[in-house]
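Heads up: the structure comes next, in structure tokens.
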Amino acid sequence: MTDTEAEILRRLDRIESRDEIRQLISKYSLALDMRDMDAMAGLFVPDVRVGGGKSGREALRAWLDDTMRQQFDGTAHHVGTTIIEFTDPEQAVGIVYSKNEHEAGAEWVIMQMMYFDKYERVDGRWYFRRRLPLYWYATDLNKPPIGGRKMRWPGREPYEGSFHALFPSWTEYWDRSGPEAGPLAPPAPLEEFIETMRRGNEVHGNRVR
Amino acid sequence: MTDTEAEILRRLDRIESRDEIRQLISKYSLALDMRDMDAMAGLFVPDVRVGGGKSGREALRAWLDDTMRQQFDGTAHHVGTTIIEFTDPEQAVGIVYSKNEHEAGAEWVIMQMMYFDKYERVDGRWYFRRRLPLYWYATDLNKPPIGGRKMRWPGREPYEGSFHALFPSWTEYWDRSGPEAGPLAPPAPLEEFIETMRRGNEVHGNRVR
Amino acid sequence: MTDTEAEILRRLDRIESRDEIRQLISKYSLALDMRDMDAMAGLFVPDVRVGGGKSGREALRAWLDDTMRQQFDGTAHHVGTTIIEFTDPEQAVGIVYSKNEHEAGAEWVIMQMMYFDKYERVDGRWYFRRRLPLYWYATDLNKPPIGGRKMRWPGREPYEGSFHALFPSWTEYWDRSGPEAGPLAPPAPLEEFIETMRRGNEVHGNRVR
């Protein structure tokens, strides 16, 4: 193999990987909305961590089956805005916006949220290592989510979502009274946009269910 | 040409094909929303089948012009969740979510649906062979589509959509009373996610207009 | 380097470029929604033109910070339908649908719009040269945007958006009373779909703020 061929194969692997991950994200929506819990669970790494100290695809399947069954008569997860970036050839992170809709008894709950994803390649295939949901609002179709505590599920106390919690820029923006005056930061390197925006920040106390 | 080059060209063709199909899907939305019926019809194979025993791009152009004109003052087709999988180098299937909005006289009708697509390469270019629309709901912006018969167009009898009709998992999920207990199905092979979920199932009696 | 390798590298550059631009579009949404004005400004060419005869990333940062601050308590820009086409290896145009939501005091303003983008490669990286927003409607979640002047911001005179202004097909469609009878236009060449639909048309008098 020539050096040029080696370089081409490396670039081809990268573009194929991003494409496979992009499809992985959409497969999750379809599998979940069609309640194919086996298909859904198979999109995660075999040792995926589930709540309550459990792990593995079977535990995830049981947990999500139950979550869906108790709350919803139907759902749609409509993905949009998507950034996928590689930390090395076998691992990547992603931000994925999703507009979710839920039929929940007498209420039709609309939602805008994003996932902060970690992807991992295992035996040549890309999987979710983790999906961290960050919610902006959940509210009835007829009730604009104005004001605080925008997570308004029927029959539950409203609470704050974590839509802005991953990125320090949100708080800094509101702490200022006008445009920043300092020198402009240089553009983030390719594959480092999310991490540059995140600055090592983590989300704490996020409610996911 | 070396073996490595041949392999590279095969992989490059695949990734270019998926990219071209992804753009094809968005071209359909734009052409339809802008009522460029020639641009829209040119996205389908020359011998596309239209209702009533007709076929061909000109018949499709006439049918969709009429469908739009009779019902809508304006539309937007906002695509999201997308899976495209190849059955061979010249044919592919796809699932594409679309959030459609329609100005229909005094009602503003919102819709969540998906297309089950078949794509085909003809003379080096990718086209739609068929788009099968599967609707979840159509309803006025102010009327949550709670309950049965969610297809609620102004001035017409409401009816059931076919959003869940392609995938057997939906009915099976509701036939159970809790999580499946059996062994987990292995992840579907790449390029076979849709067909694995579909299990050869077909949709019958789907109303498209 | 062989001729085959040169051809492969050319095609690889094209597919990588489209992928990078696709991510650029989503980076804009995320940076804007998280109010990371430095990250947002860094997505544009260094000499980007801003209103009022100004130019440059710092001017853009100041302008968008102010625009967001005066009007909105929060936003989400959920991109969908996307077409990216290259006019040469270093320049491209795009159409990108975005469903935007805005918390604006006591109103929750939903919006369907598209961007008509120009992209440019500078020193090996893709940037926005220009984003032209074309709005269909902006209205409170509870107020269907039926009829004329669909741009209905709280406390302002409603006005017409420019959603259909770029493409001559919209006016021609409504000037006819039924389907076009003439011969069908051939499919647009690859990379020329937008320009074929646009036919050199420009948008005049577009209000962007």
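Per-chain residue numbering starts at 1, and chain names A, B and C are given in the order in which the chains are listed.
Just so we're on the same page, contacts are C-beta pairs under 8 Å (C-beta built on N, C-alpha and C of every residue); 3 or more make two chains touch, one makes a residue touch a chain.
Computed from a prediction, not measured in an experiment: that's the story for all the values here.
Interchain contacts join each chain to each other chain, per the touch definition above. One copy, subunit A, sits rotated relative to the other, subunit B; on C-alpha atoms the angle is 120 degrees to the nearest 5. At the interface between subunit A and subunit C, two copies of one sequence, fewer than half of the residue numbers in use are shared by both copies. With centres set at the average Cα position, the gap from subunit A to subunit C is 24 Å. Residue positions 5, 8, 12, 15, 80, 99, 141-142 of subunit A each touch two or more of the other chains. On the subunit B side of its complex with subunit C, the touching residues are 1, 5, 8-9, 12, 15-16, 19-20, 23, 26-27, 29-31, 34-39, 41-43, 57-58, 61-62, 65-66, 69, 74, 76-80, 99, 101, 103, 106-108, 125, 140-142. Those residues of subunit B whose C-beta lies close enough to touch subunit A in the complex are 2, 4-5, 8, 11-12, 15, 18, 80-84, 95, 97, 99, 112, 114, 136, 141-142, 144-146, 163-164, 167, 169-170, 172-174, 178-180, 184-188, 190, 193-194, 196-197.
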